[in-house]
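First chain A sits with chain B, and in the next complex the same chain sits with chain C.
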Partner chain A sequence: MSTTQLILLQILNTGVTMGILMLVAIGLGIIYGLMDVINLAHSEFLMLGAYGWVIARLVGLDGWTGLIIAPVLVGLVGYVIERGLVQYLYRRPLDSLLATWGVSLILVQAARIVFGPAPQAVPTPLEGAVDLFGMPYGRYRLFVLAVSIVIISLTLAVFRYPTFGLKTRAVFQDAEMAKCLGIRAPRIYSTGFVIGAALAGLAGALVAPMLTVAPDMGANFLVQSFLVVIVGGAGSLVGVVGGAGVIGGIQGLISYFSSSVLAQVITLTLAIIVVRVRPRGIFTRK
Partner chain B sequence: MAHLAVRDVHTFYGPSHVLHGASLEVETGSIAALLGRNGMGKTTLLRSIMGLTPAASGEIELAGTRIDHLQPFDIFDLGVGYVPQGRHVFPYLTVQENLRLGLRNKRKRDPEIFEKLFGYFPILAERRKQKAGTMSGGEQQQLAIARALAGEVKIMLLDEPTEGIQPSIVDEILELLVRINQADGLTILLVEQNMELGLSVARDFFVMEKGVVVEAGAVAGMDKERVINEYLVV
Partner chain C sequence: MNTGIMRHKTSRTRTVLAGGIVLALIAGLFLLAGCGGDATTTTAAPSTEATAAAERTTATEASVEPSGDPIKVGVVSPISGPGAILGQGIVANAKLWAEQLNAAGGLLGRPVELLIQDTTTDPKTAAEKAKFVIGEGVDVLTGPVYGTEWGAVRPVAAEAGKILLQPVYYHGGWYDDLLFMTGEVPEQHVDKFIPWLVENYGKKFYFIGSDYNYPHAINRLAEEIILRLGGEIVGEEYVALGTTDFTAALARISKAQPDVVFGNVVGTDAIAFMKQFYDAGLNKSITMYEPIDQSFVSAIGVEQVEGVAVAQGYFETLDTPTNKAYVEAFKKIEPNLPPVDISTSAYVALQFWAEAVRLAGTTDPQSVKVKLEGLTLTDTPVGEVTMRATDHHTTRHMYIAIARNGILEVVEDLGVIEPGVDQRQVNRE
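Entry: the complex of A and B
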């Protein structure tokens, strides 16, 4: 392989990592930024999404259906959790942390009971490779990259969308004042939570064929997504997307040139530096 | 008829009891000044009326309808405009976006309302694309008032709109409020620490002391010296 091909390969792989990380972290960032809720169960949204494929197969549906089932199912689960629990924990970060930790344990255990504790492989729905400048690259990975780009752009657009976006930004900046201007803040919180959950579910479904699916698969993504939110700042979607770019980029590049352990060490160090010098994140104003 | 009636309201912040049975009535179409030293509960009373810090007991009525168990957004829908202490404009949104958020129907860009507001506050027309957080205190105050007016409200609660603002703009703001009150019959409850300013525009007055309204009446018949000595001298 030529150097150019290697670089291209690296860029594509890093892009896939960044895309998944953005999909997961957006929800975490929205939920923290809008409602001061630290959601430790967010990683379980990803895990449940990954099981979307397994569920699709169990009920006898075609493999691709998993990709649709995952965000819908996980969005519903998110809605139930928001209405049943999280809505009582707004602006109580510590309580929300404890309560969602409980939810996380329950969901992992439930997955163990329903699907069994053993990791399961999900067959790739897109076999084979395409030729990119004389280099073979997995079709499915390209597909994941494309879907991530489209969905992230769509999400950014929804939050920019004239009325909903404006209301959401108002609630982000000053929730009390927004309410005094007739904005139903609780509805915005619910919607934000469900969108975040659905995106994590989609991320889970997207990564499933590239990894193995297991009840405890979420943990690693949770750590990474928290780093994204810390580094990028939870004040805006741009912060989260930027943070995912930085973290995903570092992880991808360093683990390629050196080891993934070094990549972890460097990301953690970066997170610590950011907390010291820009406690509200690199991309957050003020 | 009373546009706004507050009866025996008790309000708490967590365990701390701040309003101890506050009562007042603001007549439809009038301007009333709510006076009192710092920390006496004026802001808390407005917050309770808006539903931000709900009253634990007592009654709050708007044109005869109880609103004390409603959420702030429902109270806005009933035509109550709020200009909080410290202005609370959305700092990272433009002037125009701040104003749009004040509209009743935020989907509809209403050129008529905007024209009217820009007529009241020409500076906002000049600054319409500027981020609100980058403007001076006086400009932000005008924006906060314009944003409340954008909702075509029938009653407006203003919490120290003259605080920290240069005198020329203070006069402009107060004159404008009087003009809108006379032209459109907007009812105004104005919290003021500066008694002279408050009384210069108001028809009625209330004085708060330690979470209770201790004096109320018409400005015309007011014994200013006594009220100042008893309640307003620091």
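Entry: the complex of A and C
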């Protein structure tokens, strides 16, 4: 394999990582941006999404159903959590932080009790590799890359173009004024929360065949997606998407040319610098 | 798309957001630190039972009815939390041990009672629970899994003057007056296994491990042996705990073309690593070692794990009458878990203790200690085991297994291997 091919391979892989990171971080960004709620249970949405495959297998469904079950199921769980808990915590970041941390602990231990503590296998739904510039590349990875691009574009479009998007952005900018103008903010909050949860669930279902399904798998993604929101800025979806690009890209490049440990050190350092120099994130205009 | 959305947000919210990240990081690190202390790759299959926070078991089916006050044994294990995978296996083994002992007339004619406590995989809780069972009058404790838990329980047991049985294989170098290890140390993993790998697969090795003390320790020992045999290390790298994407490492491995990947990536990271290794097609030309056990195989996938070579002190497939009887009895207690190296070593540790109590005629820790030192058990599920008198580590058999059709089949008994020269001289913290 030539060096050019290796670099190309690494770019594709970094793309996959970025895609997943974006799907997780967008929800975190929406939830924080809309209702000032810091959702520490967000990574558990990813974990539950991964269990979508296990659930599909348990009820006897095969093939791709796990991928469809995951966002629906996690969206529902998100709805219940939003109605049952989060709606009482709007604009109370500190309280929401602690409450959702509790939710996270409950969800992890619940998964452990229901599905058992051991990691479980998810077979790759798309076996084999395709020839890409003279080197084999996993079909499933390409699929994940494509799905992430499509879903992220769709999400950005939904928040940009239809009336829902307009109203959401109005609430994003000034909730009180939006309410005065007749926008039903609570409904926007619920919808935003459910969309965020469902996206994380989808991300979980997408990564599961490449990793594994385990009750504590979410933790690995929580820190990263928080870093994305910090670096990109929680204020806008574009910021979050950009942040995921920066974090995913840096990690991909540094772990290729050096090591994943150094990559972690550098991303954390970057986050500290961003918090100091551009507290609203790289991609949020002042 | 949108700009200035945070315009209305106060600096307080930003402080809180920063607080959130700190909390998230702490939570993340906490989880990773859990894996950090010890070799914890091994897992066990789902179990629905034994999740109660505090549970007492008195096994009392006895043919020769034991009588008198029960002898209490503390099992302080992670029944919930990330360590549950192994903790539940240790608890099941303790139950099996107590049941068999009581059925055979108890210990010193008295029944054995387990005090089972859940550490929730939290060091602080582990220390509290250890204090609790000591307060209840136990003379012996076992059960923790992660290095962080051991770090919390060791001083508690030592201060109270109780025997502590440690069955988890680890990086080596621990020694306390009343601490007894039945798990393996890195010397035992590599001493005969590395030469076997060189002979069967080739001389070019690639080291990859999770970035904590165990992989570093075992790689230094392995390197020495490989170089002595005229082999070479064509690459060595460590990945951060919690790594999910191994593609960069795999690209380097593919470029280096080793004969053997000597992997010590642990926990669920190992599953991701092995899956991606297979997906990249590297399994076709490269043999992989990873310290996995039977319960991992199903989580990785039958095809993905095919041909992986593993060296450990115990495999379920060991073909001895003692092991077959043990496996059968174990499945009755815990049908959802396969017995694995770490949990079976807990069973062996308790067998050691019971034998020493019989010899001493008392459960007094100092008297039992004297009998434990140098004690040999000839017939355990793991084969013949000797508790070395000097440093309280066990001389035991090591076995090599290769994954075939989803089962780790024992292909070679490497015989009895000493746990290094003297673990008291070793410093790998």
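The criterion applied here is as follows: the second predicted complex is superposed on the first by the 285 of 286 C-alpha atoms of A that agree within 3 Å, B and C clash if a C-alpha of one lies under 4 Å from a C-alpha of the other, contacts with A are read in each partner's own complex, and residues count from 1 in each chain.
The definition used in the following text is that a contact is a pair of C-beta atoms (placed from the backbone, for glycine too) under 8 Å apart; a residue touches a chain by one contact, two chains touch by 3 or more.
None of the values given here were measured: they were computed from a predicted structure.
After overlaying the two complexes on the shared chain, residue contacts for A:255 are found with chain C alone; chain B is out of touch. More residues of chain A are touched by C (comparison of chain B with chain C). In the superposed model, A:189 makes contact with neither chain B nor chain C. Of the two partner chains, both chain B and chain C are touched by A:169. When the shared chain is aligned, no partner comes close enough to touch A:90: not chain B, not chain C.
Of the two partner chains placed by superposition, only chain B is touched by A:178; chain C is not. Contacts of A:53 after superposition on the shared chain: neither chain B nor chain C is touched. In the superposition on chain A, chain A positions 169, 173-174, 285 are in contact with chain B in one complex as well as with chain C in the other. Listed in rising order, the residues of chain A touching chain C in the complex are 1, 6, 9-10, 13, 16-17, 32-33, 36, 38, 40, 93-94, 97, 101, 109, 112-113, 115-121, 123-124, 129, 136, 138, 140-141, 156, 159-160, 169, 172-174, 207, 210-212, 214-217, 219-223, 226-227, 229-230, 233-238, 252, 255-256, 259-261, 263-264, 271, 275, 279-280, 284-285.
The part of chain A that touches chain B in the complex is made up of residues 162-163, 166-167, 169-170, 173-174, 176-185, 285.
For chain B in complex with chain A, the touching residues are 50, 52, 71-73, 75-77, 82, 84, 88, 90-93, 97, 100-102, 104, 106-107, 147, 151.
Looking at the complex, you find that chain C touches chain A at residues 1-9, 13-14, 16-21, 23-25, 27-28, 31, 43-48, 51, 80-82, 84-85, 88, 211, 237-240, 242-245, 247-249, 251, 254-255, 268, 271-272, 275-276, 279-281, 295-296, 298-301, 336.
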